[in-house]
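To keep things simple, chains are lettered A, B, C and D as they appear, and every chain counts its residues starting from 1.
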Amino acid sequence: MEAAGKPVVNLISKPENMLKTVYTACRTCYSADYPIDIYNSVDDKEKMLKLIERVISSGHYSTIEHIQVSFAISNVSRACTHQLVRHRHMSFSQKSQRYVKEKGQFDYVIPPTIARDSVLQEKFIGFMHRISEQYQEFTEAGIPAEDARYVLPNAAASSLVASLNLREMIHLANLRLCTRAQYEIRTMVKMMCAALLEEELWLKPYLVPKCERLGFCDEDKSCGRMPVK
Amino acid sequence: MEAAGKPVVNLISKPENMLKTVYTACRTCYSADYPIDIYNSVDDKEKMLKLIERVISSGHYSTIEHIQVSFAISNVSRACTHQLVRHRHMSFSQKSQRYVKEKGQFDYVIPPTIARDSVLQEKFIGFMHRISEQYQEFTEAGIPAEDARYVLPNAAASSLVASLNLREMIHLANLRLCTRAQYEIRTMVKMMCAALLEEELWLKPYLVPKCERLGFCDEDKSCGRMPVK
Amino acid sequence: MEAAGKPVVNLISKPENMLKTVYTACRTCYSADYPIDIYNSVDDKEKMLKLIERVISSGHYSTIEHIQVSFAISNVSRACTHQLVRHRHMSFSQKSQRYVKEKGQFDYVIPPTIARDSVLQEKFIGFMHRISEQYQEFTEAGIPAEDARYVLPNAAASSLVASLNLREMIHLANLRLCTRAQYEIRTMVKMMCAALLEEELWLKPYLVPKCERLGFCDEDKSCGRMPVK
Amino acid sequence: MEAAGKPVVNLISKPENMLKTVYTACRTCYSADYPIDIYNSVDDKEKMLKLIERVISSGHYSTIEHIQVSFAISNVSRACTHQLVRHRHMSFSQKSQRYVKEKGQFDYVIPPTIARDSVLQEKFIGFMHRISEQYQEFTEAGIPAEDARYVLPNAAASSLVASLNLREMIHLANLRLCTRAQYEIRTMVKMMCAALLEEELWLKPYLVPKCERLGFCDEDKSCGRMPVK
């Protein structure tokens, strides 16, 4: 497969009874009841949401760590995944360039600043072909994939399964939806948020750039969307 | 409520499709396919288990971090929870002694070495009543619960919601099922393992004391179950 | 040893060349130079501080993770340490109540709300003696220390070595200097900050309650010091 | 700067009194003494080492988390750093390809399987020049560095400051000194170990491949150095 539009992002796993678990966690801190009894006796979605929202607004994020979600992600560049795996509270299983040999033209991601200029885009695509040829020449000469890959570019597409709890999900959104984040990771995180919000809309107020939560921008160079501190 | 038998442990949350998610994570590392396609095309439980077991035996535990489970736990002493919360890869929401005032006799846990001697047990129970009286005396004198609790004992029962991924679950079992662990946390972790194995029996070979995985005991004082290194 | 005034807090370890290491980390991100050359060529304290302050104000805290400091802490209650060890980015080595048998009267911490009333304080001290007698009775009856300790109170004093990097140090200060934190952990964290500031005064603007950094209070019940969001 | 031999690795920061801090941490767990008194009264290096070695052999690694060390690393490929930053207990400050524009030929790392064949090496070097030209062409056309870098290869050299505590240092060595690890990260970790051992020789028995600690190999494909489990 070759060209490369947007990332492919799917939410593949989340716990059953997400709200009930978070509600039980919140109430356990302030209640004499057994958590299993809290869990078994609650069902009112409105009531659960009301408590959860109050607890999160007070900054008590530990209560939402109990929920972890998993995404299947493809068609993102290695430039993007090198940034993503810096999130140390996440879990990753990523396609290995050491063990998976590229058999034909490798997939790649074209940055929009290049894609929007047809001349530059043509050059970019041609150069990806040139790199592919060089890679194949090395593997055909007996160089193992793990070494031939040294010529593969940052643009080379990767796939991964990524899991994170809701606290880290909010943190990820706060950082990577910022206009100062690179467009590709920003796009990917937007799609992760959208996939999650499709099922858990109550998270909407939290999956925003950090400036919306802080009320000000703390970046050295601000985009102007919010007042500087 | 008063006396105190064994811990109360319930598995309240786990992801849907646990095996499919882990299988997808394992295969993503070694495959050119998109993880979402791996996820959508697999269904053979035997096949999934075979791969997962091979990957875990090779020590590649990161693939099982994608699965997080949550337990509702009650009737464990504060001595036990002070040990438990040292597991830094876990998430906790614990009943607060600052915010939850004990209204009558507080719950407590009696250590078996005391419970098995009726004279000592009677003394222990009597003393718990004595402590309760002292606590009540302080709160009635206007001392806030968060300070009156300074007289409450390690034996005082607590409740919590605890979540951890399967990698940490195996680590927890390896450490706390060791005969050198204190009886109470050992009992609690046994019950956590039992609750999980009821639904996911394939984890059985991993939820064992560390000596069974290592093939030897690395403790300074060995219980003799396995040869010292 | 018996009574119990304030915590005992000493900074026992910090890296050599703290500023040079942080400065090198900050500059490495934005420079074509080798970090070892940056490290070897910088000496101007003013220049280093200026860059570091700009980087931290922009929220790029990862650059100060390179500095870890260690504290020796004594005379804090087990109530306090149960809170402290919830900080999962810290490292702890704590006096074990399983392995260290109390030989005479155990040390303990008296909450100020009790200490300021001489009648209540006398009751409190008397009750600590009563608990000590009960503990001794159990150990003399052959009950191991790890089980006899179930009667020991939250007030029982503990000792620990605690280490944390500067990012977590700022987080700890932000949370625990808040007037909503319990007085004892607040006192202890104040002393940790003071010990560190004695040697690294430049950290002063960051070792403050979270409301000072946010510009507003996000607690459910505010102390009124700062406007609610 | 251009070509690329071995990584450049320097230990730039470690705490004062490393042994005293670890010894104090070990003893605090089993002693009624204040840790500050333990710290102030010990000086006998032999005695400290003897206790520390016993504690580490028993698997109580938390006691060595109190020591964190920092390395300045250069001349390692982005392939290598993408692996390195997966170590989530480490702290990193890495040269940014977004903010640092390559002005001439970028540095790069040549894999030994290619370097040892003069024809392939020549091709590799020529191709690096070709990539550099393409990168320059894009930046000259106004494409920002953060997007032009999509053509840069895995071979492109990077620099970083990396910090980790001794527990993670041992873990890193155990995993990355394994003959199954890729040659470049293996070389880099060997150099990190060597730099540390130059000052702290007592760590030698721990900075080894995992098979030496386990007594067996747990890899799916063993190199044969140790018996398979």
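The criterion applied here is as follows: contacts are C-beta pairs under 8 Å (C-beta built on N, C-alpha and C of every residue); 3 or more make two chains touch, one makes a residue touch a chain.
The structure displayed is predicted, hence computed values, not measured ones.
Name whichever of A-B and A-C has more C-beta pairs touching across its two chains.
Between the chain pairs A-C and A-B, A-B carries more contacts.
Which one of the chains is farthest from chain D, going by Cα centres?
B
Taking each chain's centre as the mean of its CA atoms, how far is chain A from chain B in angstrom?
30
Can you give the whole-Å distance between the Cα centres of chain A and chain C?
Those two chain centres are 33 Å apart.
Do you know which chain A residues sit against two or more other chains?
Counting only residues that touch two or more other chains, chain A contributes 92.
Residue numbers of chain D touching chain A in their complex, please.
77-79, 81-82, 85-86, 88-89, 92, 97-98, 108-114, 117, 120, 123-124, 127, 130-131, 134, 137-138, 141, 143-144, 146-147, 149-155, 182
Which bits of chain C are touching chain D when the two form their complex?
Checking each residue of chain C against chain D gives 8, 10, 12-18, 20-21, 24-26, 28-36, 39, 62-63, 65-68, 70, 72-75, 91-96, 99-100, 102-103, 159-161, 163, 165.
Which residues, counting only chain D, touch chain B once they are in their complex?
That would be residues 54, 57-59, 210, 214-216, 218-220, 229 of chain D.
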